[in-house]
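Input: a single structure, listed below in structure tokens.
Letters A, B and C mark the chains as written, and numbering starts fresh at 1 in each.
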Amino acid sequence: MRQQIGALPLLALWALPLVAALAAAISSGIDPAAWFAIFAHPQLWPGLLLSLFTGFFSTALALLSALIIAAGFYRSALWNKLQGAAAAGMALPHLAFATGFGFLIMPSGFLTRLLVGGDQPPQWVTAQDPYGLSLLAALALKEIPFLFAMIWSQLTQGDMAASLDGQWRSARSLGHGAGSIWLRVIQPQILSRLLWPLVIVFSYGASVVDMALVIGPTQPPPLAVVVWHDLNDAQTAINARGLAGSIFLTMILVGVTVLAAFGTKLVSMLARGFLIAGPSSRSAPIILATVNFVIVVAAFVAVIVLLTVMSLVPRWPYPALWPSVFSFNAWGLLIASSSALWLSLGLGLVTSAVALGLVVLWYETQPPRYDRWLLGLAALSLALPQLLLASGQYRLLLGFGLTGGLPGLFVVHLAPVLAYVAVVLTKPYRSLDPRYIAVAASLSATPLRRWWAIKLPLLKAPLLTAAAVGFSVSVVQYVPAQLAAAGRYETLPMAAVTLSSGGNRALSAAFTMALAMPPLLAFLFAALAGRPRWR
Amino acid sequence: MALVLETVSVSLNGAVLIRPFSLSVAAGEVVTVMGPSGSGKSALLSLIAGDLTSPFTSSGGVRLDSEDISRLRPEQRRIGRLFQDDLLFPHLSVGENLLFGMPRGDRTKRLAAMEAALASAGLSGFSKRPPHTLSGGQRARAALMRTLVAEPRATLLDEPFNTLDAELRQSIRSFVFDHLKSRAIPCLMVTHDRADAPEGGRILKLRNGEVSDD
Amino acid sequence: MTMKLTRRGFTSLVAMLPVTASLANLAQADGAWSEIEAKAKGQTVYFNAWAGSEQINAYIAWAATELRNRHGLTLEHVKITDTAEVVRRVRDEVKSGKTDGSVDLVWINGENFRAMKQEGLLFGPFAEDLPNFALVDTDGKPTTRVDFAESTEGLESPWGMAQLTFFGDGAKLGTPPSSMLELLAFATANPGRVTYPAPPDFHGTTFVKQALIETMADRSLLGVSINRDQFTAAAAPMFSFLDALHPHLWREGKQFPPSQAQVKQSLADGELLMALTFNPNEPANLVASGELPATTIAWQHAAGTIGNTHFVAIPINSQAREAAQLTANFLLSPEAQARKADLKIWGDPTVLDMAKLDADQKALFTAQADPGSVTVPAPAIPEPHGSWVPLIEAAWLERYGA
């Protein structure tokens, strides 16, 4: 019983507020008129189809590409360097990527300037195409680093890595080539551990608003955008319709996720024959992996370069390949918002540290079988359209008089940070060989010392990665933060969104790049400090 | 078929770990290499298997009878290995582990061969079981059968009995040697325990980089 | 410098009542005002105002400095993206019984004002008691007292003027289209180079309203409440106009940009030939900031375009009502209005009546024609009755939304 108390801090600071916020949001969503209205909305079904299409296929493509890159470079000299590249890619905010990618592919964008030219841009349907293909591509590219990082850490850290090393050599001695071992031994084992990251990527892709507004289809837009417009309206009836829409979208997403889980089971059953078909000399897909890697890196480099240039030019009309006027105005305004920057950094550090503390306390006091409650709630909170959860959180904070204060800001930042930390950390933390601790205990180490001297160093890398992920999640929080701050505090994303609501692209570019900096530093720090000393 | 090493040597970061030596292991013979830890025993096996990686470097030739295999990739050499751990793939059942390494061919024949191999290891009825539900001795036997059904031309044993208790060790040891002998597969074993070696078998010592007869 | 203050305006039963109650207070005693001034000292006004423009933010920062120096009050600019979010915040706060509201002054008009007024979320009437309200051009600019056909009833104080204005690069345009019919011809001649934001984006809805006004047979219907059947009949010419226009628009009228900001950006990139705004001085601002070339021109349709006024209002749960009123009064002062109208500062047209100003006050307004200014101003047409807007938006969505 005493053990169970260790879950209390996590419940009090995270789970309870989250569940209460959900309940608050959903209870206000029980409004028959609103449900009737959303089902009468002409954009509901086409929008839903677009959301599911872009969410599902962007996830599938990102997974495929990340797996191919991993298959090609696993156990190669490049392998350890790839983590840094993935971290850099993860650090770039989604909106920044969409902005830069949009400028790359739109009809008046950089690629057409380079390849087509002429006085007027061609009338191609590239960005904002009606099928959401450009949104799908941007989402897929943006999620590759995250999924690759998840794969990388499975293969490189902890006991699984050591076990896979032996299995690899064993499989080679049984006559299997590197590609065959990847497909038949490595991939089946890591795929089962990618479930939660994939759920997050899918639900993010199917409910994303900011990226969709930049390069998504517009008539109809994805359902999340329809809902977002409604929730932002001044009229309560329209808000209620939006709430009903977001609950509906959430239910569909949960349903699709469950279906997809069954689908994977089915596929893995069908793939059984392939796994045991016998030795094959198939080699690692180095060329395919290199092509994939080059495309992803080229896209990110192009996006970052274009964003940098865009942040420095007030105007860059077609068909100029290089802008003629430069100005540091946008960066000047950014520097003028430094108080917002410090607040964001502070909140990021505090929330990621607290989140790490809370989940570690959970792991140390709760049996692993309870983890699925933690992970389920985490995934649900991440899968919900942000506005839905945020409105519930806001109602809750309002009830306790916590709006416009730092405690309220802390609570709403902690919610997604802890969820991500739990998703990223649970598997590596739980898969640490318990015998290490048993050995330490047999050497009369106290529990605290066992944790401090054994677990902490062994789990340094996943802990730091989780902290960096949490930090980067905290730094980009917008909707819930903006509600909780009630205009009394300004964080960096708030400054970015308000300033760029005027449509000034230089400002948007400068601020989204600024948003990328703190997470980038966090990931680099995690990668450097997390390197095990014994290797 | 015989496993032949011709003036092979191993260096670690440029420093010589094993000085050049030659060795021939005859079909069905088990040659034991003994040496303290860090002497390069495992590196020697990796050299033969073909997965020696930096910072190790090597020279010399590895042959199976007259075929030079030192340029072949590990999976092309058809040299079976057994490690300290059984290394059965956790996502495959015991039977599937055997099928994993069995040469391709007719499905029914492969399944029959798998069941027969399990039966010969006293593991009838275990084919659908996940590896982690087996005892240590059962897993060790399954791992050997997995190696054997892959039809290796030679085998390398890396302290294969280390994790087994004394009683089990004896039975597994004779189980392994009997099977290798009956199939006439040459075998090189490294260990630090003289008791692992088959009775009357050839024993080499690896000490200070020199390989010498016991 | 778009201003996303509202999406739609409404007229309610309340608005039809006589609204002269506050006129009785016109001659408010100086004593009362000086009492307000005394109370305002030391108060902090959280002014929630759209902050998507550095010019506007700088102007509010200037106002804050002046107010501190003159009246010893603190003006904090709460930078927001969408005024609807402030409406929801005040509503939620009032509902949960929070008396120390987070908003003391809000930049508002149209639908947001109507919502706050109808739900009793506003403090007042106060606006017409402000000393500087006497200078407002209530006759020449009737929208200073009627916000999207909703009577203000002194619950909001006018701040600036807005009117639908088009702009583009004069070097590429030739003669800009000065009516919807000319726009159709222009789009036909330049296929794929014209578009408008999809309603319910505020600018998109305004464009459709403008098309409605220009295609209607009987405009008298615009000022009154209508039902769906009346709408279907009255809007038929507008929809046949849009049906004719759309095939010539960007992406053949199958996709529409989600925001005015994107239309503006596409103009700057060269993908479109023209854009639209509700701030007549935005094109000149964009030229000044280097976002558009100096050859930019701005125009309004010759027969007039939709115009309105934007305001500031005080929520009912404000803890700094006195300082908020003082701020509203300062924003109406000739000095503040002239500075706001200055293109180099902001360029937002004044709500004041030049005839009511003395010579010194008039001299503050140094109007000049900068590149991108509207050269031939057209009359401002009042917003249609609010009942039109939901019908327009629903019908548009039904026809073109999916």
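Keep this in mind: a residue touches a chain if its C-beta (ideal position, glycine included) is under 8 Å from a C-beta of that chain, and two chains touch if they have at least 3 such contacts.
The model shown is predicted, which means the values in this text are computed figures rather than measured ones.
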Central chain of the complex, centres being mean CA coordinates: A
Chain whose mean Cα position lies farthest from chain B: C
Euclidean distance of C-alpha centroids - chain A vs chain B, Å: 45
Gap in Å, rounded to a whole number, between the CA centres of chain C and chain B: 82
Centre-of-Cα separation between chain C and chain A, whole angstrom: 38
Junction residues of chain C, two or more chains touched: none
Complex contacts: residues of chain B adjacent to chain A: 49-51, 73-76, 78-81, 83, 85, 87, 89-92, 96, 99-105, 110, 146-147, 150, 152, 156
Contacting residues of chain A [partner chain B, same complex]: 163, 166-167, 169-178, 180, 184-185, 188-189, 192, 272, 275-281
Touching residues (chain side chain C, partner chain A) in the complex: 1-2, 4, 6-7, 46, 48, 50-54, 57, 78-85, 87-89, 91-93, 96, 98, 102-103, 111-112, 115, 191-193, 198, 200, 251, 254-262, 264-266, 268-271, 289-293, 397-398, 400-402
Residues on chain A engaged by chain C in the complex (per definition of touch): 41-43, 46-47, 106-108, 120-121, 123, 125, 128-130, 213, 217-221, 225, 229, 232-236, 239, 314-319, 325, 327, 329, 333, 394-395, 398-399, 401, 403-404, 482-483, 486-488, 490, 494-495, 497-505, 507
